[in-house]
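Quick one: the structure is below, questions incoming.
We call the chains A, B and C, going by the order they appear; numbering starts again at 1 in every chain.
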Amino acid sequence: MKKIGGVVLDVKNISLAFGGVKALTDISFDVREHEIRAIIGPNGAGKSSMLNCINGVYQPQQGSVTLRGKTYRGMSPRQVAEMGVARTFQNLALFKGMSVLDNIMTGRNLRMRRGLFWQALHLGPARREETEQRAHAERIIDFLEIQAHRKTPVGRLPYGLQKRVDLGRALAMEPSLLLLDEPMAGMNVEEKQDMCRFILDVNDEFGTTIVLIEHDMGVVMDISDRVVVLDYGRKIGDGAPDEVRSSEDVVRAYLGVSQ
Amino acid sequence: MFYRENGQFKTSYAADSQILPIRQDRIGMALLLGVAFVVVPLLSSEYLLRAILIPFLILSLAALGLNVLVGYCGQISLGSGAFMAVGAYVAYNCQARVEGMPLIVALLAGGLGATVLGVAFGLPSLRIKGLYLAVATLAAQFFVDWACLRLKWVTNDSTSGSVGIAHLDVAGFSVESPAARYLLCLGFVVVFALATKNLVRGHIGRSWMAMRDMDVAAAVIGIRPMQAKLSAFAVSSFIIGVAGALWGFVHLGSWEPAAFGINRSFDLLFMVIIGGLGSISGAFFGAAFIVVLPLVLDKLPYWTGLPMDTATASHLALMIFGALIVFFLIKEPHGLARLWATAKEKLRLWPFPH
Amino acid sequence: MGPFLETLIGGLMSGMLYSLIALGFVLIFKASGVFNFAQGAMVLFAALAMARFAEWLPALTGLDGKLVVNALAFVGALAVMVVVAWLVERLALSRLVNQEGITLLMATLGIAYLLEGAGQMLFGNDIYKIDIGLPKDPMFLFEQTFEGGVLVSKEDLYAALIAAALVAGLSLFFQKTAIGRALRAVADDHQAAQSIGIPLSRIWVIVWSVAGFVALVAGMIWGSKLGVQFSLSLVALKALPVVILGGLTSVPGAIVGGLLIGVGEKLSEAYLGPALGGGIEYWFGYVLVLVVLLVRPQGLFGEKIIDRV
């Protein structure tokens, strides 16, 4: 039985607007350690924008995010990354010019310290560091079962495998909080099962807290501990999967008002 | 059937990530270096060395530097001529003003001078992107052009506006003969190419490529955009600066600011693109193309036997140059390096078709 | 004050001429996303064509009147530019449709070299005259207010007026006509425009022809001032900062940018120049642009680039 800990991420009253378009209005929810929190909602509800606010990619006009006691509204993505947050992207922001291995190795970047001079010589300390990090990346490649493709340029892989590389790159950062933006979009049943397995394993073995945006209701109900529902930038549901599923507001948002 | 990798297994990560993992490649590279260091200087004519090989080597070095910035880090720079100029003039001033300055130190000092300029122009790259950055780099080009012409202290108060190098020697060995100059340039090129290759396959190189491919995602991974861009500018301008110093000292002997004008910048950019963005060997392919092509075009009227005056010949050469650039970009936008890689792929299967 | 006004007016007028060339860049970029490094070469090519046609026509046809000859030469040169536009689209652009920006930029540079070589081979490489009747004598304004009056070059004034008229016409063209709308659609998204039935190749030929027309007018004016010679193609390098300052996609931006840089250049040369050894004009525009870009990375009127992840 999984032990769910205290609150690690607390989102308070976040409001975000682009020009006249209100992406998020007064959103508040929390995420507990070791849990899998799903964010669901119709298209355009603001789910990705919410992740972008947590992540530092967007700066919300109002509200704050508290991560492990540190409160911020607009940190740079890099600072958030240094605090142990990793994420995947809806549209796969992979580095198309690099191989799978290199993409995952970029995730280790925060840990690689050797400066220009040693790098240029590629002797001693730089070489050792490179080999160590390579070992770590290879473990992730094994975990995600993509060994055969490690040297392939990412742009040439089929979509499902690219999604795995995206996940691998995020895992390479050894995050304590993992933000997944529609990791199963565009996948067939088998691929979805694999991806679910990976997510559950990560949560299980490493205790990583996971915030997950997902459209597949079956997946959400199966693997998440708690769910937040967004619609048109507002929160309309928050609680255990079963509670949320039977809530009137949620049903109305997804299915429309019955005449 | 010669280019097979059968039987070459790698049992450690270090072995897998070496520069030339295939044994045949290693043998090939050893042969190439042997020919370059020993055979070429012994057998080449003075013309070949002076007019073709030395410019080729120095321009390859400059293209290597530019490739770091444009090919690996994705920042367009149209002002590389300015970096060459700064390298040349700083090196000249070091040599002219300091008694007994060793040649190599002066050349490297030229590189450092260019690095200062490079980092200064790297700072705007944090805010300015793409084509806007490209035009901003032209500011460097024109400003340096003007400074070298108008600011007296740059040319050490030379009355004619041009500067010259009296005598070259490295630790007592005279470097006056074409063969000696060739070996000096070759030495620089090999050292820098190796260092650059090492940088590019390490985490700094990956951070550059990440910035090139998708800078927002790079920041999310934890890459510091400022460090990545500035290091690319610094490394790139250092290499280009040393190349500029070599160009002035070893190839030209004496020069004016026009030697490093905007046409030089465009030439370098052509080399990088035709050679192949983001590849070390691409710099060499591109430089070879751009050095050899004008020579061929100049001789063309003579070979075809058509009567043509020099003016028409030079216009024709310009037209063919432009047409070839466009043709090349249509056929293989990833450059000669990609053509070479494809050829090697086919070679692995040879004599089988697939 | 008199000299200041002189410099200012001189700057405004030369700025207008820069805007004219900058317009060619903006047009092509707006409609095809290509930064056309060949614009300068197009100016040279067009000017050469017109100068030589004006020379050859009297000999060939016996026509004499300056107005008629020049008008015919203009039309002839325009036809040539349309052919050039068609060739560029057919042979180069259509095959480079999906390439990255830097590849397209280099391709236009290749086209520039092609045009420079071809122009000189076809039309000769001496210095040629274009005489469209612009008065060469200066005029003096405000003689009551300032002693000696403010010197204004009549030629520059007429040139500025022509340029202004062209710029106004093109702005209207873009905003009000259907073709203008189609051009803007293509600039936004090639594939989307294609999928709603906009014929991409025809649009590009139109755009490059209009840019050729702009290049011809610019070449005509500059050629009448400076004579038609190879260095004309370098004028485009002076217009680049104007394009960027105004923002790559904005026609009003090209105008404002041109005026700002024209005035800035002349004023800095007059007042800063002596202190720094002269020749400031060479780099002033570029450094000004650099400074502005640091504050507004998309230029004065350019569209803000939003990175979506």
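In this section, contacts are C-beta pairs under 8 Å (C-beta built on N, C-alpha and C of every residue); 3 or more make two chains touch, one makes a residue touch a chain.
Since the model is a prediction, treat every value here as computed from it, not as a measurement.
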item: Distance-maximising chain from chain C - centres being C-alpha averages; value: A
item: Top chain pair, ranked by number of contacting C-beta pairs; value: B-C
item: Chain B and chain C, separation of their C-alpha mean positions in angstrom; value: 33
item: CA centroid of chain A to CA centroid of chain C, Å; value: 49
item: Euclidean distance of C-alpha centroids - chain A vs chain B, Å; value: 41
item: Per-residue multi-chain contacts in chain C, two or more chains; value: 309
item: Multi-partner residues of chain A (at least 2 other chains); value: 57, 89, 93
item: Multi-chain contact sites of chain B, meaning residues that touch two or more partners; value: 214, 216-217, 220
item: Contact set on chain B toward chain A in their complex; value: 12-14, 17, 195-196, 198-199, 201-204, 206-207, 209-210, 212-214, 216-225, 231, 235, 278
item: Residues on chain B engaged by chain C in the complex (per definition of touch); value: 70, 76, 124, 127-132, 134-136, 138-139, 142-143, 145-146, 149-151, 214-217, 220, 262, 266, 269-270, 273, 277, 311-312, 315-326, 329-330, 333
item: Complex interface listing, chain C residues touching chain B; value: 35, 91-92, 95-96, 99-103, 105-107, 109-118, 120-121, 125, 237, 240-241, 243-244, 248, 276-280, 282-283, 286-287, 289-290, 293-294, 297-299, 302, 305, 307, 309
item: Chain A residues touching chain B - in the complex, by the definition given at the top; value: 55-57, 76-78, 80-82, 86-87, 89, 93-98, 102, 105-110, 112, 114, 116, 119-122, 126-127, 130-131, 133-135, 138, 169, 173
